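Next, two complexes with subunit A in common: one pairs it with subunit B, the other with subunit C.
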Partner chain A sequence: MGAPGEFNLAALARYGNDFLAEVEERVEEGEWVKMCMQCGVCAGSCPFGPDWEHSPQKIFMMIRAGKRDEVLASDSMWMCTSCYNCVVRCPRKLPITQIMHGLAAYAHRLGLAPKMQPTRRWSLLFWDNCTKTGRVNELKLTLGLYFMDGIVAGFKQAWTLRNIGLGMLLAKRLNPFELIRGHECKDKAGIHRMLKKAAEIEARKRGFAKP
Partner chain B sequence: MTHAVATNQTILVVGGGVSGMTAALEAAECGRQVLLVEKTPTLGGRTALLYRYFPKLCHPTCGLEINLRRVKASRNLRVLTQAEVTRITGARGDYSVALKLAPRYVNENCTACGACGAAVEATIDDPYNYNLSKMKAAYLPHAMAFPQRYVLDPSIIGTPDGEKAKAACRYGAIDLGMKVESLEIRVGAVIWATGWRPYDAAKIQPYGYDRYPNVITSLEFERLADPHGPTGGRILRPSDGREAKDIAFIQCAGSRDENHLRHCSRICCMASLKQTQYVREAYGEAGKSTVYYIDIRAIDRFEDFYSKVLADQTVRFVKSKPARIAEDAGTRDPVIHGVDTEGYHRYATRHDLVVLAVGMEPSVNGADVPHEIVADSSGFIESAASGGFFAAGCASNALDVNRSVQSATASALRAIQIVRKADRVEA
Partner chain C sequence: MAKKEYAFYPGCSSQLRGSASNYLTSVNTMCETLDVKMTPIPDWNCCGASISYAGAGELSRHVMNARNFALSETHLPGQDVVATCAACWLGAKETKQKLDASSQLMAETNEALKEAGLQYQGRTEVRHMVEVLIEDIGYEGMAQPVVKPLEGVKIAGYVGCQTNRPFGIAGESFENPLYLDKLVETLGAEPLTKYEQKVTCCGGALAFSEPEKSQKQIKDIVESAYDHGADVIVTPCPLCQANVEIYQSEINRRHGTKLDMPVVYYSQLMAVAYGATPKAAGLDGHIIKPKKLQEIAVKVVPVDLDQRTRRPRGENH
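So, the complex of A and B:
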């Protein structure tokens, strides 16, 4: 036994919750996780609740229990539709939606996110599409979504929705020439510089390797 | 009685609930001059509306009776009912207080015979039953009311009902010409015993208190269980008057919630545990209580009571704050939806009646109290700049009756210290 106030560090290390510390430091709004009091209101309020493997309440408890692999490989955070019902109802005002997205982004950054999770693939599609020119090219984005699961599936989907596409064409809501070049924002290089700077700041704040 | 003589050695107690009565009596029995003002027509406050106390399950009328005897016996204590403080100026040891006295329309001749109540036809919501029932517009607030004098509701003044009440009275006790009176008094110290009010359950939107008749508050449940209550002590569902045997209690309904009340209201856990025993008392083994909770806060000696309820086979505990309540359209049965914390199981459970253990909100929150009063983030009174104001009971924090009485006794001592100083300066 050490002197009073002195801890047995070796014994303590076994209980050291590194994952909670990691989430607090590296995940957006992760410092809120410790505030969860496990009341269950978020889990019960989520409109997709029955369809996820892990509710926010469970994810927060898993983080505190140090279940790093299970949390980061979970597809639950990717199921969040950002309806904010949980944020509005949470008695402790945890920014649950933001934490879910933060966890998803962090899992993706580490390469631990489920590879074929549709939301993850769609998010990548969207990000690449909009950062390329500084503007979302809706036609390319839509076609990208159709063909996400292969050529045959893409043509099938396009055929199913052909009337809507035709209607949009006639109403001048869809310009087929966007497929070839597409309009860009005025200062594309400026947008790219801005995104690069933002990535640098994030890496510095959160202790990630330089992008 | 409107000429209450007061000096700067007088202590003013605002609020005539259990805290105000205690503070006033303790100071008066120490030989100090005390003026107790109460907004409603009777002393007793919210404790008078409880069926039983925890943890001994004794009746509040018992303690109330003892206190009322003390009030009657004390020569240093003056009580003004239907009186409100409208303004306070001055400094510690020397305040000037303006009071507004609402008319009772019944004078000291009243014997509480009840003839006026029988004669009057108009009815009004009965606040002493949390508006679960109606009462005559000439009424005695409740059996333990002090003073034991009837009150005429202002709505019947100038109507034939008012005249009927007057005609029915054989003692000349009814005075329809009474007006609002103002009073200016001097006091040395002020004890705020303004108490609490239940948090407005309708604001907890997902629980549907405003939409579903079979979702009620714990205060309303208290009245249902009370033999003097609107159902004569039978636990009946508001929707169809059927006996409710499967009852859910939802804890932290409004408390410990940044969207509602930030603080833990302290009493609600014990109140619900107590109320499960009302269900057992009413139905024996045939009754069923389910307590939905985040954690049970039965502190120190209350742990024994909690253990007793835990061992009760008719009571089930679900560790979960329900997410929402729905209603079965046909039966009007409330259905509680949520996810429990012990295993993360999703549930949708039907009950006959849901009781929301609503939180305590200070009555003075947002009310017209002097600016110098410092309140905490929940509106409970902490202190005052001039040092001559003290809070007692639930005006100071969410407290049960026992702790309110302790708090009130402490505030009486502080107020005595102030007026003693004023005393010496005068001499």
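So, the complex of A and C:
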């Protein structure tokens, strides 16, 4: 990816104040945003509803009102648990979960997403983990999360949750040797090549800076 | 019953010593009894789950799933892809739907797949193990091999999110799906049909990044099971299982509660009812021991039953 700031300015220049047009063109499922009829069922159906600064309903209206910075810098979309409750209840059948993921991913791409947002960091850690060998390495994923804020914080977290770790170990659902060698796909190289190509195609299609 | 064959997409968490490895153990046991042959897709890869969106973007996610489709088309032609994990199923099904609907996305996906020497023809069908059980085996078929009815066990059927939404099981409602209760009944146990946290979200992947918010959800899910007198919670989802079982000790630590509710998979219930040992049913893979199921699993039933009288052979002589 090119320098995020640079690309952000380029994106702004192209769309001026028309944030809705920008979302439609560049955000996954963004073309659905204009269909929202502001009923609020999504807001009332969300398990983390009270924790969102702006509910999906508000986010949709803010997009249409051109509140670009407020939307993209918001940590609201990062509260989505992918439960799909809003999707099945939406009277207009908007793919709200996917739009929230799309907005979050777009904000991250532009470098506008809140840096320390825990779910943003977790999401990146997960994708990096599972694409490295083609399969998730659960031990490295968990340790990566614990130690995200440094060594001291990591050991503290591991100590707090030691009984869970020990329990999982005894239940044979955690493998300490995954630190050395975990499960992996045979054709790792092929997976890496195809993902590189996919990122290139997506950048070309949506007008993103080259990956 | 004729042998049924499927291309198996077991998913990362089910691998040996993974967080849902006992799910796989019990699925294998269950399938053996039902004469269902599950052949893993050779060199299958992670679906990316729901949480990887920030790093993945759109096409990369579809390409990951399409790689599995292409491999199954090549090595296991004509077989439906069957996932046991809710997120694998959802991710794969979403990709399938998107690629079916857009020839452009299909072309882009194949352009990327070519880099791995693969091509997806678009013939794959994606299904969840629960669909196979309900649609291909049927409740009657599931009842037939029961040798140890789970009598007296009260079970809260926790369906969760991703096996239920946005796709769900055909003929079931999103708000109150009944299949898990029916399955519990089929095995001779008592379904707690009034359990109101059936489709509540456990926090999913955010159990890791937003632990307190997720544990609030989990607390509701477990406490409601207690309110209804449950001995055990049953679920079809590996992340639901892990979250709801594992974090009970954390909730106890934070809130002074005494939650100790076992959480098992539907396949474990079936394995036990089909006469499997505790190990073959994956009952040794729990932090909170499912005691009632263990008791049934170790109980010796007369194997050599006279089919007509259901009495041990020789009793009438």
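The definition used in the following text is that the second predicted complex is superposed on the first by the 189 of 211 C-alpha atoms of A that agree within 3 Å, B and C clash if a C-alpha of one lies under 4 Å from a C-alpha of the other, contacts with A are read in each partner's own complex, and residues count from 1 in each chain.
We adopt the following convention: a residue touches a chain if its C-beta (ideal position, glycine included) is under 8 Å from a C-beta of that chain, and two chains touch if they have at least 3 such contacts.
Since the structure is predicted, the reported quantities are computational estimates derived from the model, not experimental observations.
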Inset, instruction - Could you tell me if A:Q57 is touching subunit B, subunit C, both of them or neither one (first, second, both, neither)? - result: first
Inset, instruction - State whether A:C83 touches subunit B only (first), subunit C only (second), both chains, or neither. - result: second
Inset, instruction - Answer with first, second, both or neither: which of subunit B and subunit C does A:R120 touch in the superposed model? - result: second
Inset, instruction - Report the partner of subunit A that touches more of its residues: subunit B or subunit C. - result: C
Inset, instruction - Once the structures are superposed on A, label A:G150 by its partner contacts, choosing first (subunit B), second (subunit C), both or neither. - result: neither
Inset, instruction - Residue by residue on subunit A, keep only those touching subunit B in one complex and subunit C in the other, then list them. - result: 88-89
Inset, instruction - Spell out the part of subunit C that touches subunit A in their complex, as residue ranges. - result: 12-13, 15-22, 43-46, 48-60, 62-64, 67, 108-109, 111-118, 161-162, 165-166, 168, 174, 199-201, 203-206, 208-210, 213-214, 217, 246-247, 249-250, 284-287
Legend entry - subunit A residues within the subunit B interface of the complex: 37-41, 43-45, 49-50, 55, 57-58, 88-93
Inset, instruction - Would you pull the subunit A residues touching subunit C in the complex into a rising list? - result: 28, 47-48, 51, 79, 81-85, 87-89, 95, 97, 101-102, 104-105, 108-109, 113, 118-124, 126-128, 130-131, 134-136, 138, 142, 145, 161, 163-164, 167-168, 170-175, 178, 183, 185-187, 190-191, 193-199, 201-202, 205
Inset, instruction - Name, in rising order, each residue of subunit B that touches subunit A in their complex. - result: 206, 252, 256-260, 294, 320-324, 337-341, 344, 346
